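The structures considered in this document are given below.
Shared between the two complexes below is chain A, which pairs with chain B and chain C, respectively.
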Partner chain A sequence: MSSLKTTLSGYAGYRGREGHYSFLLHRITGLGTALFLTIHIIDTSWVYFAPNAYQFAIDLYRSTLFGIGEIFLVFSVLFHGVNGLRIAFFDLIAPKFWQIKKTRSSTRWTLAVTLVLWIPAAGIMIYNILHHNFGMFGG
Partner chain B sequence: MEIKLKVFRYLPNNGNKPHYDTYIMQVNPTDRVLDVLEQVRADSDPSLAYRRSCAHGVCGSDAMRINGRNALACKVLVKDLGTNEITVEPILGLKVLRDLIVDMDPFFEHFKSVMPYFINNEPLPSDGKERLQSPEQRERFDDTTKCILCAACTTSCPSFWANEEYVGPAAIVNAHRFVYDSRDRAAAERLQILNDQMGVWRCRTVFNCTEACPRDIQVTQAIADVKKAINSGKLE
Partner chain C sequence: MSEVIRTVAKPPENFESKAWKFMRYSGFLLIPLVWGHVLLQDIIVGVHQIDLDYVAMRWASIGWRIYDTALLAFAFAHGVNGIRQVGEDFIHSPRGRRILNWALIIFWVTITAIGGIALIGGVAKPS
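Our next item is the complex of A and B:
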């Protein structure tokens, strides 16, 4: 089995505990954020290189589909950041915390903190989509 | 109780592709997965191949994926799986030689690479007897002396699945056992070996290794100890 096939089958098929799923979510949110940043750098460069295309990109960002995507983007950035802080704290400051009990509870806490930060932001973003794209709330 | 056992099968050079065989069997809830496999060999298919030796969780021969999770087949009771459907597969990341048997050579090469043996060329104490250490000094590396080299940790690690060159959790645990031994004198050399992209820095703290260890070794903590020792240059 190639290492890519092994890796992907392990990612999807290995029945790990909280740490495994936290790692997967960290990877997915990191890749999602990196992908968005790459696209965003390219479309911002169009201000100079291709102004018409830039306007098209901005219109696309204002579409409902992109708006929903941005809600998930905010989740990705928040989870990746909070989980990164958790890992850095354990790894650099308190290695003695790398225990099964503490890892399981800290991954749950990480998700809870992310949701607490994300839900209000998602609410504002959903309001904006409904307001600007669907004319609701006096839009 | 009746169970449905699904076992990964692969016999190289026989034209067949990897596949799963299914067996419907009557077993006792207190049987271990190893007992179930023995029953298959005895009653249904003597060609089923897997490693086993002591069958009591000491030799570390029978690490395999049981319902998607690494464990020793001799330590898992059927009733503890909480289901009547049991899937048994070889550990991941090492080449399958046949059925549940994998090529352990790369694993042992990584183990050897960290010099997992006592090194001290200083003269013996004046009485010519033992090199003494305090209970506290012994306690510092007690956890990592428990490793039985079953490879359950290394083959549960996503970093190892992605790159076989990664030294892996088991090798780091065995390095830790000597790095923190107050009588040993080669800690600096071992830390230098592990201070590599394919050494401790490949660890992503996924924690699968600690969860999979049948000896309950705090593997991720041992790796973090080694990382900290490399960073600080001190053994605490």
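Our next item is the complex of A and C:
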């Protein structure tokens, strides 16, 4: 249990600015996506194992609460992807970029690209929730 | 002042170095696979249009079944190895790590098999 405390206080207390925050966000978005992916593989498998349960799962995904979760899931998938590309590019193609200045600017770029991709996607998903669940826009 | 050049032998490949490469190369592959999947199912089609008939229509095409198989194989392996890396940050004892690794292997094989059987079996008739 002490290693849990040591690791968590290291995660929280380390002052590495952009590199530290992107490390934490990469882990949180990755774990969140992996959790959803596990649930999603199981519920999709119900089309074969339990088709009635599949319809129940889809009804749950259509609820407003899960719709909001879906918007954060899409953020996670986008950030984890853009940041993963940054890491893979640095590691495999340009290791000379692994220095503080480049880490800081590339982390800011990563967040900017993520937001540019996420905001229109979130807008469409919010529109869908309002249209289907609240009867707006002629729904 | 003359420059000192130190050369070191490249360490041999082991499981960790292969896992490190796998995370990066599968990551490159997952960008089109996962982003394409999210763009199609969450943004263009949307969860309100998805039901058993939609899945049956999609899986009637062998191309989409191959796409979903690649998604299942690469995304879930990438995710489970990520969980393993995070877990090893918290678990340091060799015994704890052995337990973690075996638990994750069982988890990985079970969930992949469940998804794989459904992909082969296809959409069943609801009762």
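Basically, the second predicted complex is superposed on the first by the 138 of 139 C-alpha atoms of A that agree within 3 Å, B and C clash if a C-alpha of one lies under 4 Å from a C-alpha of the other, contacts with A are read in each partner's own complex, and residues count from 1 in each chain.
One rule holds for everything that comes next: a contact is a pair of C-beta atoms (placed from the backbone, for glycine too) under 8 Å apart; a residue touches a chain by one contact, two chains touch by 3 or more.
All of these numbers come straight from a predicted model, not from anything done at the bench.
Steric overlap between chain B and chain C is present once the structures are superposed on chain A.
With both structures placed on the common chain, the touch criterion links A:Thr7 to chain B and to chain C.
In the superposed model, A:Asn128 lies in contact with chain C only, and not with chain B.
Contacts of A:Gly19 after superposition on the shared chain: chain B is touched, whereas chain C is not.
With both complexes superposed, C is the one of chain B and chain C in contact with more chain A residues. In the superposed model, A:Ile41 makes contact with chain C only, not with chain B.
In the superposition on chain A, A:Thr33 makes contact with chain C only, while chain B stays out of contact range. Residue contacts after overlaying the shared chain place A:Gln55 against chain C, while chain B stays out of touching range. After overlaying the two complexes on the shared chain, residue contacts for A:Phe137 are found with neither chain B nor chain C. In the superposition on chain A, contact is made by A:Ile87 with both chain B and chain C. Contact with chain B, but none with chain C, is seen for A:Pro95 once the two complexes are overlaid on the shared chain. Stretch 186-194 is the one among 24-32, 96-104 or 186-194 where chain B clashes with chain C after the superposition on chain A. Overlaid on A, the two complexes show chain B and chain C touching the same residues of chain A, namely 3, 7, 87, 91-92. For chain A in complex with chain C, the residues that touch the partner chain are 3-4, 7, 27, 30-31, 33-34, 37-38, 41-42, 44-49, 51-52, 54-55, 58, 61-62, 67, 70, 74, 77-78, 81, 84-85, 87-88, 91-92, 121, 124-125, 128, 132. Chain contact summary for the complex, chain C toward chain A: residues 24-25, 27-28, 30-31, 34-35, 38-39, 42-43, 46-48, 50-52, 55-56, 72, 75-76, 79-80, 82-83, 86, 89-92, 111-112, 114-115, 117-118, 121-127. Partner chain B is touched in their complex by these residues of chain A: 1, 3, 6-7, 9-11, 13-20, 23, 87, 90-92, 95-96, 98-100, 103. Contact residues on chain B toward chain A in their complex (touch as defined above): 65, 67-69, 92-93, 96, 156, 158, 161-164, 204-208, 210-211, 218, 220-221, 223-225, 227-228.
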